[in-house]
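These are the structures in question, set out in turn.
In what follows, chain A forms one complex with chain B and a second complex with chain C.
Moving on to the complex of A and B:
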C-alpha cells in the first residue's frame, strides 16, 4: 500500500538552525498520526513541509507516492486546520466553509449546499449566516475543521488544533475529532505539545526532539517503552534511572525508565527512602521519595537530587512527609531504554 | 491603627483618591480641552460657514443679505461654477485612484516583506518628503515639469520627445508644457498626497495575519484569488482611510493648481478669490460646503459597500 505521507531523509535548515534534521517518516493511509514534541522541536515545520508552506532543504516529501518537490500549497490535496483557525473575518461562516469550493469554481448553489452539509457534520447547523467574530473559540474551531474537510482532502493537517480551548471543551473535541476521523477514514496528521492529547487520539505518535524523531510508535510503545531519556521524561514525566541506579535496584547496567504509577508503597520492598514532598493531583497524590542511591526526579519536583516520584492512587494511604517508606514494583515495570548508550 | 494602614499624604494623593472613586470625573477633565477646541473652534466655524452659505449677496450694493435663501446654492449650478466643481472632483478622483495603484505595492512590500533596516528606510523614505515645506516641493515640481525642465530634457535625450509632445497634445488634459497642464497638476497632487495613502494602507495590511494568506493558499487559491478575496477586503479600511485623505486634500487644495497647471479654477481657488477680492462670502461658503457634502456621500457609500466591515 502506498503511504499517505512519506519523508525520505528530509531536512529543513533556517540558516545555521536545523529545524528538521534527516527525518524519515511514513504515515499510513487512514491513520491518525500525532507529531508530539516541545516547541522548537521541528514538529510544526514537518507539518508545513507536508502542506507546502516550507520546502525541504534536502530529501523529498511524498504524498501518496507523488514527490511534492516544489508543488505549491494550493496544488496539494491536503488541507490544514490552523492553530489560530485563520477564519476570514470579512466572510460569513458559510462563505468561509465554501471558500475552497468557490476557488475551484463551483457555482454558488452547489457550494453553499455542501457548506451547510459540512456545518451540520461539525454540529453547527444554522450558524452559516454568522460572522466568525460572533462565535466562541470552540465553534470557530469547528468552522475551521469544516472549511478544511469540505474540500475532501486526502490528508488533513491539524496544527495544535485544540491549543486555544479550555480543558472541558478540549476533551470533548478530542473525542469528536477521533470519531470524525474514524467515520471519514481520512488520514489525520496533527501536531501537539500535549502528550495526553497525542496518546488519547493517535494511532501512531512521533516524538520530536531537536529536529529529529526521538521515537515513533503506538501510544503504548511511547508511554510504556520509551526509547530515550527525553521521551521518558517528556511523555508523562517518568523516573529516569542512570545505569548504576538501575543496577542497584536489580536491573541491568543501563538507562531505564520507571513510571511513577508503577511504583507501590509497601511494608517491605526493593527500595527504602524518606518522603520529602507531596503534591495532590486529584486522581492521586504524587510523592517524592529520597534515598541515597537515587538519581534526580524528573522536572516534576523541580530537580531535587536523589529523589524518585511515586503516584499513590486516590483511596490509598498517603505517607506523611518525613516518614520512612519502602517501595516496590513489578519486575516488568522497569523499562530499559535501548535508545540510550 | 487606621493611620498606620492609610497614612495621610499630600494633595496629589488626595486627587488620586477622588479620581479613583469617580473615574468619569477624570475622563471629563481630560476630554474638556480637546472638546472645547473641536466644538467651539472647529464645529462652530463649520456652522458659521453653513449659515453663511444660505445667505445671498445683493448684486447692487455688494452687501451680504442675512436672510435664508437657496439662491446662492443655485448659483453653483451656473456652468462656469459647476465646471469648477466637476474639474475638482474629477481631479480628486483621478488622484485617489492613482494613489491607490501606486501606493499598494509599496505598502504591501513594507507591511509583509520589509524587515529591520529596510523597514526603517521605508518609513524614512515615506516620511522625509513630509518634513520639507509643501511650497518648496511644489515649486521644485514646477521646475521639474517646466518646458526647460529635466523631464523634457530627459525625454528628448532618450528620444521620447515626440511621445511627450503627443501626450501634451491630448485635448483638455494636455497643454503647452507639463507644468501648465492638468497632467502636471495631477502629478504634483499624486506626489504630495501619496504618503497619506501609503501609511494607512500599510497599517491595515500589516494587521492581516500571515496564517490567513496561508489558509487561502491551503484551500487552493492562487495569488490573484487570495489578493482579490482576502487581502483586498481586509486592507479596504486602510484604502478607504487613505482615500479620504487624498480625496479631501485634493478637493480643498488651492495652492498646487495655482502654481502648476492651467490657470482654470479648482474649488479651493474659487473659495479663495470669492471671499477675498470678490467679497462674495455666501458663494464662497456654498463652494466650501461642496467638498464636505461630497465626503459625506463618499463615506456613506463606502459604509454601504461594507468597506468598514473588517474593522
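Moving on to the complex of A and C:
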C-alpha cells in the first residue's frame, strides 16, 4: 500500500538553524497521526512541508507516492485547519466554506449546496448566513474544519487545532474529531504540544525533539515504552533513572523510566525514603520521595536529585511530608530505554 | 464612564477658545463670500448677497485652474493607489535585508518640508531638461500621495495576517484569486480612504506646486495670485468654499471609512 505521506531524509534549514533534520517518516492512509513536541521541535515545519508552505532543503516529501518537489500549496490535495482558523472576516460562513469550490470555478448553486452539507457535518446547520465575528471560538473551529474538508482532501492537516479552546470544549472536540476521522476515512495529521491530546486522539504518534523524531509509535508505545529520556519526561513526566540508579533499585545498568502511577506506597518494599514534597492534582496526589540509599548522580532528569515522583491515587492515604515510606512496583514497570546509550 | 462626568471649568473654556481660534477664520471666509463690499474685507459686511457665486461662475479665468487641479489630483491619487498598494504589499509580505530602511524612505517624503521636495524636483527637471506640464505637477504630488496610500494599506495588510493568505492558497486559490477575493475586499476601504486623502492633499497643495508648475496655475495658486489684486475679492472666497468642499468632504469620508474598517477587522479576530 502506498503511504499517504512519506518523508525521505527531509531537512529544512533556516540559515544555520536545522528546524527539521534528516527526518524519515511514513504516514499510512486512513490513520490519525499526531506530531507531538515542544515549541521549536520542528513539528509545525513538518506540517508545513506537507502543505507546501515550506520546501525541503534536502530530501523529498511524497504524498500518495508522488514527489511534491516544488508543487505549490494550491496544487496539493491537502488542506489545512489553521491554528488561528484564518477565516475570511468579510465573507459569510457559507462563503468561507464554499471558498475552495469557488476558486475551482464551481457554480454558486452547487458549491452552496456542498457548503451546507459540510456545515451540517460539523453540526453548524443554519449558521451559513453569519459572519465569522458572530461565532464563538468553538464554532469558528468547526467552520475552519468544514472549509478544509469541502475540497475532499486526501490528507487533512490540523495545526494545534484545539489550542485556543477551553478545556471542556477541547475534550468534546477531541471526541468529535476522532469520530469524524473514522467516518470520513481521511488521513488526519495534527500537530500538538499537548501530550494528552496526542495520546487520546491519534493512532500513531511521532514525538519531535530538536528537529528530529525521538520516537514514533502507538500512543501506548510512547507512553509505556519511551525510547529516550526526552520522550519519557515530555510524555507524562516519568521518573527517568540514570544507569546507576536503575541498578540500585534492582534493574540492569541502563537508563530506565518508571511511571509515577506505577509506584505504590507499601509497608515493605524495594525502596525506602522520606516524603519531601506533595502536590494535589485532583485525581490523585503527586508526592516526592527522597531515597537516601540511592546513588547521587548529576544527571537526574526532570526531578530533584534523588527524588522519586509517586502518584498516590485519590482515596488512598497520602503520607505526610517528613514521614518515612516504602515504595514498591511490579517488575515490568521499570522500562529500560533502548534509545539511550 | 466618568465618575463625575464633568471637566474642570478652566479646561472647558480653554477647549472652547481653542476651537474658536481654529474655526472662526474659516467661518469668516464663508461670510465674506456673501458680502456686498468687493474691495476690502470690512467687518461687519455692509450687506449680504449671493451674486458672487454667479460672478465666479462666469469668470473664465477660474475654469482652467479648476480643471488642472482636478486633473492633477485625480491622476496623482490614481498613481499613488497603484504604487502605494504594491509597495505596501511588498513590505507587509516579504522579509528582506534593509526592509526597515526602505520603509523609512517611502514615508520620508511626507516628513520632508514641501519646499525641499519642490526645489529638488525643480532642479531635477532643469537638469533633465523636462518642460513643465501637468505631469511635472503630478510627479511632485505623487511623492506625498504615495505615502498616504502606503500608510493606510500597510496597516491593513498587517492586520490581514499571513495565515489568511495561506488559507486561501491552501484551499486552491492562485495568487490572483487570493488578491481578488481576500486581499482586495479587506483592503478596499483602506485604499478608498487613502485615495481620498491623497486627492484632498493634492487638490490644495501650494508649496511643491509652485516649484513644479512653471507658468501653469492650479486653483490654490490662482487664489494666491487673486488675493493680491483688489478686484471682486469675494470671488476668491467663493472659490475657497469650493476648495474647502473638495478637500474636506473626502477627508471626512476617509475618516469614517477607516474607522469602520477597524471595527470589521477587529471583529474577525
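Keep this in mind: the second predicted complex is superposed on the first by the 330 of 341 C-alpha atoms of A that agree within 3 Å, B and C clash if a C-alpha of one lies under 4 Å from a C-alpha of the other, contacts with A are read in each partner's own complex, and residues count from 1 in each chain.
As a convention for this text, a contact is a pair of C-beta atoms (placed from the backbone, for glycine too) under 8 Å apart; a residue touches a chain by one contact, two chains touch by 3 or more.
Quick caveat: nothing in here was measured; it's all calculated off a predicted structure.
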Partners on chain A (chain B, chain C) - clash or fit | clash
Could you say whether A:99 touches chain B, chain C, both of them, or neither, answering first, second, both or neither?
-> both
Give one of first, second, both or neither to describe whether A:70 is in contact with chain B, with chain C, with both, or with none.
-> neither
Partner chain in contact with A:51 - chain B first, chain C second, else both or neither = both
When the two structures are overlaid on chain A, which partner does A:132 contact: first (chain B), second (chain C), both, or neither?
-> second
In the superposed arrangement, does A:84 touch chain B (first), chain C (second), both or neither?
-> both
Pick one for A:151: touches chain B only (first), chain C only (second), both, or neither.
-> both
On chain A, positions contacted by chain B and by chain C = 51, 53, 72-75, 78-80, 82-84, 86-90, 99-100, 102-104, 147-148, 151
In the complex of these two chains, what residues of chain A are touching chain B?
-> 51-53, 72-75, 78-80, 82-84, 86-90, 99-100, 102-104, 147-148, 151
Per the touch rule, the chain C residues reaching chain A in their complex are 161, 163-164, 166-174, 177, 181-182, 185-186, 264-265, 267-268
Along chain A, where are the residues that touch chain C in the complex?
-> 51, 53, 72-75, 78-80, 82-84, 86-90, 99-100, 102-104, 131-133, 147-148, 151
In the complex formed with chain A, which residues of chain B make contact?
-> 209, 211-212, 214-222, 225, 229-230, 233-234, 306, 309-310
